[in-house]
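Read through the structure below, which is laid out as structure tokens, and then see the notes.
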Amino acid sequence: MAKSKVNFDPRLARRKMIGGVFYFVFLCAVMVGILSLLVLLTRILMEGLPWLSLGFLTNYPSRHPEIAGIRSAMMGTIWVMALTALFTVPVGVGAAIYLEEYAPKNRLTQLIEINISNLAGVPSIVYGLLGWALFVQIMSMGRVVLAGALTLSLLVLPIVILASREAIRAVPNEYRLGAFALGADQWQVIKGAVLPSAIPGILTGTILALSRAIGEAAPVIAISALVYLTFVPADPFDQFTVMPIQIFNWVGRPQDDFQSLAAAGIIVLLAILLTMNALAVILRNRYQTRSED
Amino acid sequence: MNDDAPIFEVSSLSLYYDDFRALKDIDMEIRRYAITALIGPSGCGKSTLLRCFNRMNDLIPTARIEGRILFEGSDLYHPDVDATEIRSRIGMVFQRPNPFPKSIYDNVAFGLKINGYRGDIDEAIERSLRQAALWDEVKDRLKDSALELSGGQQQRLCIARALAVEPEVILMDEPASALDPIATLAIEELVRELSESYTIVIVTHNMQQAARVSHETAFLMAGEDRSGYLVEHGATSQIFTTPKSERTEAYITGRFS
Amino acid sequence: METTARGAATVRGDRAATGRFRRRRGASLESRVIWWVFFLCAMLSVLTTVAIVFSLLSQALSFFREVGVWEFISGTRWTPILKPRSYGVLPLVNGTLLVAFLAAIVALPVGLATAIFLAEYAPDKVRRIIKPALEVLAGVPTVVYGYFALTFVTPQLQRVFPDMIVFNALSAGIVMGIMIIPMVSSLSEDAMISVPRSLRQAAYALGATKLETSVKVVVPAALSGIVASFILAISRAIGETMLVTIAAGATPRMTANPLDSIQTMTAYIVQLALGEAAHGSLEYNTIFAVGLLLFVMTLCMNLLGYWVVRRWRQAY
């Protein structure tokens, strides 16, 4: 079948070879990401696992690495995250409801939408500066849990809004029309038909947003500074530290033992992150299978 | 090569997507330098059959074929045959105009460049655009984006793009179905002109179109198992006036669609 | 994807119309209150932006009352704490851009190649393994990357460059590059997946190989999304804080040498936030001036990214 075309010199063998070479190149590029992840995880597990013990979770930080622990930072993280969730979920869902269900198509709505997507791209340290100026200084809260939580709330709010909007948008329009047809007003429609079916999606998105906030050190560091806390915050007006800052603190020390403590802290942090992500995935899957029934 | 010999010889061709049999035992020959129309109700496998001729179905991982297609006397699906090379010899025009989001010039130049055209590329582009009856409309704006052309112009550009690589056969998959009546007529006229130097296989669901443009017509239908089979194949005049099969007659007289 | 968005917009428009209709007929007090609550929630995001601009600007202004804007923007010495004091921000900008540049060298080619592999080559089974792995890579906290750069990558690099000091731009840049690979790859992949199948078929039908189809047809058609992914990833690298604070050093200097210790704008902010600078002092205000510059730089890049997507989007 080799009836070659006189006007063309396709050099197919060569092109196929180049194709093969590039396939290999693309594959290598993928492996850069995957292998980096594997090396990173292996490295952290090897360094940190020997230092991981019950004592590490229950002890306060100390100058002596062998008895140092992450208790105050862990409790600080839990405090901050709980408050952040408390602030962002209602506001984020409210904003999403406004944009999806009420907002007219006008310039103000457009401004809000552009603004939200831009906020998602603002560096997290800038939120730290905002929180420091606004909550710590102007409102004179001091370097307390509440100031940290409010700062992180502003940081994750755009993500929660985007996730909630997606969840609300995924609710079939027939649900709304059905409820309207029964004579419900807009709020009743939202309350009775839209929100119940959007909740799993909202929850999933919120958990993922919080799992981003939990690893953030930059915005909190401007608020809490590098305190050496040997107590657990008792209320929102106590001083605090969070896990990524404790890890940062340990990484910055020259002694090898503290570096290993940092690795141990990272394992705990990653374990919490993994748990949250798994929870989000389970929620999503459960919801999906149920809606298929 | 003997001009009387068929360019394609299809024998006992079946095509499967996983377990689903989309085409069943097709036997037919495609005449050289003629326009063969593939007609039939939707879902009868006429587009699938068309895509067997340039091995486009190879791109679908679940697709596999049984049987044989001879192209110029040799097995199209022989392991030594390179589908990429085949496709540069058998051009294709699609249902919707699909110009690349590049300039008009670059659209036509694409096939020339990748296939290593030896001659003057500018000349080849002009020749292809003239053949596709588009040159006069675009000669002053070759650098403009192809997406600025009208639908009919875009489809003629796609034909020019296929012609540029000097194929022996052009496969057309309902090339006018997305166009308005006037653009459709322009395409039909173009197809007739091209048939003087190319073998053309055209899929259409428009029977008037098949009757107007084609020399031969093949009628396909889907059986009860939803797999397509060839009902009848012959000269277009014969198929439309004295069909051998009652099913063909029923279809062309519009008793079912 | 485009169609879905447009569909949703129309549906939303209809619903909004319903809402307006009801209000005009004299909505109840309750539904007015509810409307206001939701509206204020949405406006809070606008307020956040206003608050960011206000807090940065007000403190930065008191800084610029004492230090000229030109001196700040064009000065090549940054010694705000040590005497003789000098407030030229360029060394910090230099450090930031150097690390971002190194990160881009790693992340743009690798991320784009990954995207091409995922969008054009990988069978479903492989994609289902790689994509979650890349998501994990994107979800790892940045302190962890800092730890990785300082305790693993730097010692490896020191084998190649024995004279290199512990804190350096190279290590931070490489790890930053790894960190933003998923951002480049996922946004670019989205752009490539939304290129219609018919364009790929057209290329194959002309006798193009898979590589030619991917590189000469799909990538150019997805170019706006790919460029946007580059811009947004670089913007992310400019704003990234903990990684560079941990691994790149605290030495503001004008240099193009990746082996040098440098300081980025973000790392400077952290350094000063950790020290107890007196509220209202000039040092305290420097971080807001630097923060303002950082905010403006990333904002410009993000706006550029969105503009590229909108301006170049092909209407298929």
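Each chain carries a letter (A, B and C) given by its place in the written order, and its residues are counted from 1.
FYI, contacts are C-beta pairs under 8 Å (C-beta built on N, C-alpha and C of every residue); 3 or more make two chains touch, one makes a residue touch a chain.
Keep in mind that this is a model prediction, so the values were computed, not measured.
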Chain pair, most C-beta pairs within the contact cut-off: A-C
Chain centroid nearest the full-protein CA centroid: C
Between chain C and chain B, distance of the C-alpha-averaged centres to the nearest whole Å: 48
Mean-CA-position distance for chain C and chain A (Å): 15
Computed distance of Cα centres, chain B from chain A, in Å: 52
Touching two or more other chains - residue numbers and ranges from chain B: 84-85, 88-89, 114-115, 165
Per-residue multi-chain contacts in chain C, two or more chains: 207, 209, 212
Overlap residues in chain A, where contacts from two or more other chains coincide: 10, 15-16
Touching residues on chain A, where the partner in the complex is chain B: 1, 3, 5, 7-12, 15-16
Residues of chain C that touch chain A when the two form their complex: 8-9, 11-13, 15-16, 18-20, 22, 27-28, 30-31, 34-35, 37-46, 48-49, 51-52, 55-56, 58-59, 109-111, 113-114, 116-118, 121-122, 130, 133-134, 136-137, 139-148, 150-152, 178, 181-182, 185, 207, 209-212, 215, 232, 235-236, 238-242, 245-246, 266, 269-270, 273-274, 276, 279, 287-288, 291, 294-295, 298-299, 302-303, 306
Residue numbers on chain A that touch chain C, as the complex places them: 10, 15-16, 18-19, 22-23, 25-30, 32-34, 36-37, 39-40, 43-44, 47, 90-95, 97-105, 111-112, 114-119, 121-130, 132-134, 137-138, 154, 157-158, 161, 169, 173, 176, 180, 185-187, 211-212, 214-218, 221-222, 225-226, 244, 247-248, 251-252, 259, 262-263, 266, 269-270, 273, 277
Chain B-facing residues of chain C, complex: 123, 196, 198-199, 201-209, 212, 216-217, 220-221, 314-316
Interfacial residue positions of chain B with respect to chain A in the complex: 1, 71-74, 81-82, 84-85, 88-89, 114-119, 165-166
